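Common to both upcoming complexes is chain A, partnered first by chain B, then by chain C.
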Partner chain A sequence: MLFLISSCLAVLAERFQLTPQLLHVSVNSSLQRVYLQWTIPNLTYHQELKMVFQIEISQIKKSNVILVANHSSAVRGDRAVHWSWDSELPLECVTHFVRVRGALDDARAPQPGSWSKWSPWEEAHVSLGPNELLVYPKEKLVEEGSNVTFCWISGVNLNNISCYLSGIAIHGERLDAHVSTFKWNNVLFHRDTGTNFFCRHTNPTTYDGVTVFVSKVLEEPKDFSCETRDFRTLSCTWKPGVDTALAWSKQPSQRYALFEWVSGENKHCELKNSCNWQITQDSQELYNFTLTAENYLRKRSVNIAFNVSHRVHPKAPHDVNFDDVSATRARMTWRVHSRGKSHTFLCQVELHCEGQMIQEHNVSVHESGEQLFGDLQPDTRYKAQVRCADANHFWKWSEWTPRNFHTLEAAPSEAPDAWRTVTSENGRRKVALFWKSPSKSRVNGKFPFYNIVVKNMENSSEVQQHALQAPVNSTWLSLGQSSYLIQITFTNSQGTSPALVMGISRDSGNEEVEAERVDGTKEGFMISWKPQTRDVVGYVVDWCANSQGQHCNLQWKNLGPNATSTNISSDAFKKGVRYNFRVYEISAHRIAHLIQKNVGYIQELAPLKSPDVILSNPTSHSFVLNWTTYATESQPGFIEGYHVYVKSKDAQCPQEWEEVVLKGDTHFSAPDTLRREVLGYIFSIGGSTFTTKPSLPYMLLQIILSMTMCVLFLLGLCYWKSQWVKEKCYPDIPDPYKSSIRSLIKSKKPPLTIMSVKDCIPDALEIINKSEGTKTQGGGTGKLHAENAPTKLAYLRLLPTEGSSGPGPCICFENFTYNQPASDCGSCGHISVPPRDPPYHLELLTSPNNLLNVLEKDYTNSLGEIPAEQSSLNYVSQLASLVCGDKDSLATDPPMPQHCSEYKMQMNISLSSMILLGQGKH
Partner chain B sequence: MVLLLASAAAAMRGCSRSYAQLLSQLQNQANMEENPNLLLEPYIHLQDLDTDILRNSCMVYPSVFPSEDALRALSKPGFLRAVHATLGRLWNSLTALQKQLLQDQDLPRLTITKHNIQGMRNNIHCLAWWLGSPLETSEPTQGGSRVSLTPTPALDVFWSKMKSCRLLWGYHHFIGLVGRVFREWEDNPNRSRRHSPLRLVLPKGTRKIRPSRRGQRPVRRAQ
Partner chain C sequence: MDLRAGDSWGMLACLCTVLWHLPAVPALNRTGDPGPGPSIQKTYDLTRYLEHQLRSLAGTYLNYLGPPFNEPDFNPPRLGADTLPRATVNLEVWQSLNDKLRLTQNYEAYSHLLCYLRALNRQAATAELRRSLAHFCTSLQGLLGSIAGVMAALGYPLPQPLPGTELTWAPGPAHSDFLQKMDDFWLLKELQTWLWRSAKDFNRLKKKMQPPAAAVTLHLEAHGF
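For the complex of A and B:
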């Protein structure tokens, strides 16, 4: 049999030429695809053979074969063979030639068949006018990343063609005289309205163009998932990715479809991110879905398979109610959308109070569930919420179902937290009571009343009762001098709280305790105390939260009986505010005794306000300053003392101030050392200037002294002139006979007339040169001038400035008689410059007579390194002054150099003090 | 007679009662719409036509719009009729163009332009009534006429883009021309004695409606 068939096939191959006959050649321009259909004409209607075909495609000319493809197919007489080919080059660009041949490819044939003859060439080409310009492909739709080949065909009269891709000139590849191509590789999405490619010929003017639409790559749907909420509908969702729609209707948005493999059903989805699927009623539990996204260019699919009972997303619980709500308990019930009693849900219950979750419970539920909440606060609003999930195959929680409820009120559970202050006024005591707004846990209800009962411990018949309603949190009582017991309770609709008891003893409000300073920090004040008695049940520390002058806003802190210290901290504490703390111990009889006072700042600040100073009793040499109204307690720091600056009205240098530092005193009287004409003063903690007027007698004294000086000067001048005239015109002629020497010579050696000085033994000296005496008078005048000169400086320091390393109180005097250069430097004046006056500092540093040079020089002198010239000059001047003042003392008590050294040392000491004072200031 | 009166009243319903106001509105609308930056330029950028070659090719006055000479040769009623019809066709063309966009937000001004075209057509309709030569439609139009300038389906996208570009350029040009003519009407209100805006001529058999002497309110004259 097999042999017979093989023989028949061999005969067929020989007898019949199996040459294909091309029936149809068609082209899809947008896809650039060629479709071929052919048949084998010699086959009978029912005869079927397996054949292999060879297709040959040429471009431009038949000999330019660009493709040889093989295609196997079963062939029957009544069925055409189909084949297609996608061309890279637009098919319209060049003429294409196609032909086909075939051969037997049947296993039943004894030997492979030889190729048949080729079918005749089929030709496809574009005819073009001489002035025509065409660009291809028309309306190409490609995916991002593809390659596009453009071609342009020009008529015989068009030779100079320029082409542009999206406005940019390109250079093509010439295929023949009238056909050129340009390949655009790896195209990118630019805009959904397409990218234009056009070519133009200028003379004659003609152009043609095409629009290429580049589609974004279709993405695979992500997070594809299906679930049911009611076992009737499966809801499938996914993330669609980018939209690949294009304008000009070139491509709509991608479409999505569901295919279920078990049922074999298909559904097109209306939305691009979700689709509903009806669950069949024949108890299908397993589902196998394929979600397909599709556009004109591509399909993308994802697949999931699941058991529908494992994809249950329950609906939110319903019928949530509260039963048996009391002050501290509540019972919540709810129902679930269940498939039956056999199905179990796991429900999660949360209880929230004031935005915070305080309880969480998990409950297994078939159809309805319940949860009992305990440990609740009375009169409190709560929010409870419940959600459920499938207990056997957890998939997703349902949405929360929240409900609010309010617990009932209860009697207050704790005594009020209260405190008091006691002040005595006009024989009675004023007791101010304060209590803190009770917390919810204390009051357990709304609108509490505060009940205050005051009992006189010495007169049981005297009882006061007061009732106050919240939000009042303070009151005051007027009590006598007896001992009292105060009870404070608060009441709501459910009952009364335990009582807070406070005792007021006879001496309450009259305790005198010296306040001690306490150093505060950012962390607060550490208050410590020593227990006073053993019978103590606790301590209370109170203070005013606000600064002085404002409403006190009393604060207090309760401490146990063993406490000996506590840290008082508060965000309300401010820098530069003085806080007063009082420590009370509470006896067993609930009586508070003040045992300690503390005062302090968390940080002291410099005083901001200057004292208001009153000048009293001003005379030409004295004055009194008072600033008793200066409130030190309201200052931003402890006032340690005051600086008073004084300077003479006659001072030439503005920086020559005298500083007096006072500790704690609130008045200032000019001391004896300063009793002279005063120009004014300045406080270091502020600026105020007063001027005292010079008195009339003092002014007269100055005039008289000046006139006296002038008279003395004229008298001296006249005397000197008369002596000069006398010497020049009427010189004295010595009388040798009146000389004692003559008598001596006469008695011993009468013939000798020449006296040898060496032979003289002097026993007395007589100064005959009067002019020298006149000069010494000038020295006295110089001393007087020094006294009358403007008073330069006198330093008085009553309190050492902090940080100063200088010596103690000292006084500086300058005598211009023996240190004339010092009078010009004004060096002392530099020292008393008020420290807060920058111009003075500037002048000090820039002065040609630099203070440091002067001080250095004087300091060197004090060490005995004075140049000889200066030393002799000074000392001679000093000696001359003394000698001229008293001739007798010259003969009996010669001048001692040590005396002059004391003067010099006096000046040097003062300058040293000046140096140290200056250092102390800086 | 009653039906005719009712028809005339209905035709005037919604019209401004002032000729000057109508003319002013039309001038303002034309001034606004002749700006190519509103529609043409966004379209050129959107469709990737922003090259000198394509711009020059775009600026060809389409034959679908009446030429300036043809418009100026018309009487006032004829002018209004021509503009009214052209705007109707244009409205349809813009509607077709709008459909080729992926979304209206790509060319948001197009919707506004369509509304303005409707408004201009309504004003022209009312103005024609003022001139006594009502247009063929009895009511101010809510849309365009059914004659379309839609590109023929045979055109590929590139040439459709070019044609739409020319359409928009022609629209701005045409509206500018219309605006100039309307301004001339204001400058020379007696350009056409046959159709003075101060004298209303109703179609035969229709009762005349005249503006008041203050020139603001049309007043029916009893016959």
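For the complex of A and C:
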């Protein structure tokens, strides 16, 4: 039988030459795929042979074979063979040729290796017009990272094609005269509307382009998990990753589907990150899910398998309530969504107070749970919350379910923290009571009232009761001189607190204790004391936070019986503020005894205020200064002493202040060393300056001298007046016969006429110059010179200089307040000051700058700013210059300024003329 | 009171004079119909507004298409997009048309352009672009109504749509994606040119329809300077 079959096959192979016949050659442009279909024509329908085929593909020309592929297939007469091939180059770019041949591949055949003849070549090509330009591939959808090959085919008339990929010019590889390619490797996603590849030719103008849609790589879903909250639905969630959708529906967003392997069911998910799966009622516990993400280019899958009872995410507990809430305890109950009593939940309970978690409990629950909270504070608001999870297979906690509750009030548990100050006034004592606002833990509720009971220890019938409503935290009592016991309690709705007891002894408020200094630091004051009695139950240190005064803001610190020191620190302590500390010893009878006072500063500062000094009993040699009203306690430091500065009032030269240092005294009497017969003293203390009265003899001497001068002046005036009246009214008539002149007349001829000086009218007035140069001038003025030389007063009358702005060489001011000798100060005497800037000198005017300077100077002078040396030049007469200067040299030399006399306007005129001359030279 | 013949002739002349000048009295010259002027003005304003709006929209849309469409110097020849109404008519030819023809051409062009724009809106991938396109389509619909109002005011009939050319978008022959983008590019470009030319048309028409303005001479004399 086997031999027979083999013989038949051999006959077939020889007789029919199993040559394939290509039935159909088709192309998918977007996939760049070639589909081939062929048959073996000589086979009958029932015959089936196993054959191997060889496919040959050439590009451009038949001899350019680019692919030889083998393909094995079972062949029947009624069935075509299919084969496909993906081309890297777009199929439209070049002409492709394809042919097929076959051979028997059956083990039964005697000669399996003999190939049939090739089928005829099938050719596929694109025909173009002469001016046509085509770019391929026309439609392309690729994934990021892949490669794309573009090609462009141009007609015979198009030679210079420019191509651009996403706007950037590219240069392709020429396959032949009219076909070029460009390979874009590792493509990137630019936009969901694709990347454009564009070619164009100018003259003739034509273009073509393609859009390549680049899809982002589809990501695997992450964090895929499923859980149930109600044992009816499985809720599966995942993170989808990037959306791979492209514009114009080139590729929609990736789709997700669930496949469950146990049940074999499939479900397409509507959402891209979650999907619900109905739990079957047939008690399926194991689930094996595959989540598949899919787009046009790729599929991605993830798988999970689980027992549904291990994926229970309970719902939040419900029906949370509080019962049996007291001041310190509360009981919370809740219920859970349970599958039954057999299922156990682990519940976590937290108790919060003022934002802080104070208790945490774990409770096992089947259907309902409860938790008792103890050690609670009365009258306090709490927040309790509970969440649950599966106790057997923990998966996730449920959400918290919070509830608030408020504990009840309780009676106050501790006594108030109070203190007092005692002051005596008019035979009674004023007791100021202070207490601190109690903490919440001490009050245990709202505290509407403070109760104060005052008992007279010496008269039991005298009892005072006071009730004060919060938030008052101080009051004062007026007590007699007896001993008292003060009890302070506070009351809320639940009861009264223990009492604070304070005793007031007879000498309370009258204790005299010397204050000692204590050095403060930034850390506070270290107060130390020595125990004075053994019967002590404690100590109290008090002080005023705001120093002394009305707004004391009393602070206190309670200390135990064994304490001997304490550090008092406060952020309220300030530099330069005096703090007084008092240390009290509390006896067993609750009576406080002042045992120590301390005073100090955190840091001392310099005194800000000087004493207000009163000068009393000033005499020529004694005085008393008092500053008893100076308040040292308000100073920013301890006042160590005072400085009094003394100096004599009549000192001629600046005299140093004489310093006297006083320690602690608040008055000052002039010491013997300062008691001198002087005009007076100037005292300075703390910025205040005082002057004592001059001595009596000196005053008398001044008065007598003044009166003598006045009398002499009046006498002189009377004499001059009488002489004037006598000359005017009763002139002496000379007797010519008794005159000695008569003898002269008689002896000389011709007779001379006697001229009376009184009858002459002067026609000129001369200036008397006091400078040294003037002394050397002509002797015509010798008489005047001789009279004026030693006197200052006459000179002052001749040259009034009240309006002078500076010291002049001819003016003398006598200043009695200065103690320098006249020769030193230079204010007295005639100092010849050379002119600084002679304005008339021709040489100075030759320069334009000098001209400008002169003009400016002239201008400023004209505005009244007369230089010092010119201010002494007073116009008397134009002739005055002739007197002062050299008359002979006036015509040839420029006029030199004279120190004591000059004609100012003449200077200006001559200056103007000089300026003109100077300009003419230039 | 007796009237003489000379008085009667005088009164008649006076009455005739008053009647002659009545149309010139502004208060009596109001007919209640403001004419096509305001509607032309509104159409002109709307055209300018659309020009401005399209500038922004085209920028966004061409960026959406990607290079080379969003490049400023991209100016390819119009090889495809044959169904789009061309605005690139010779200016002299266009000006030689009468008002009715020009308005009719405007109306027909915007009708087609609106149809294509709506198709564009349907295909836009981003919500923001869809919003902008929908807003522009609404405005362009308003311009069509405005042109229809002007034509009605001037007594011109609205053009009847040709059979088979209803204003509904039907996808044309299968274009490549690139050529489809090119069509979108040309749609926006043609629309821009149409709006520019329509603004000039309506401005010219507005001036043409305005009555000659009365000349006012203001004579100012300055004294005392």
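Going forward, the second predicted complex is superposed on the first by the 525 of 922 C-alpha atoms of A that agree within 3 Å, B and C clash if a C-alpha of one lies under 4 Å from a C-alpha of the other, contacts with A are read in each partner's own complex, and residues count from 1 in each chain.
What we mean here is this: a contact is a pair of C-beta atoms (placed from the backbone, for glycine too) under 8 Å apart; a residue touches a chain by one contact, two chains touch by 3 or more.
What you see is a predicted model, and the numbers here were worked out from it, not measured in a lab.
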Simultaneous placement of chain C and chain B on chain A, clash or fit: clash
First (chain B), second (chain C), both or neither touched by A:248: both
Partner chain in contact with A:206 - chain B first, chain C second, else both or neither: second
Touched partner set for A:196, first chain B, second chain C, both or neither: both
Touching partner for A:167 - first (chain B), second (chain C), both, neither: both
Touched partner set for A:44, first chain B, second chain C, both or neither: neither
On chain A, positions contacted by chain B and by chain C: 138-139, 164, 166-167, 190-196, 198, 200, 207-211, 213, 245, 247-248, 250
Chain A residues touching chain B - in the complex, by the definition given at the top: 138-139, 164, 166-167, 190-196, 198, 200, 207-211, 213, 245-250
Parts of chain A lying in touch with chain C, wherever the complex brings them together: 135, 138-139, 164, 166-168, 190-198, 200, 205-211, 213, 245, 247-248, 250
Residue ranges of chain B in contact with chain A within the complex: 46-51, 53-54, 57, 100-102, 106, 156-162
Residues of chain C defined as touching chain A within the complex: 64-69, 71, 76-77, 79, 123, 125, 176-182
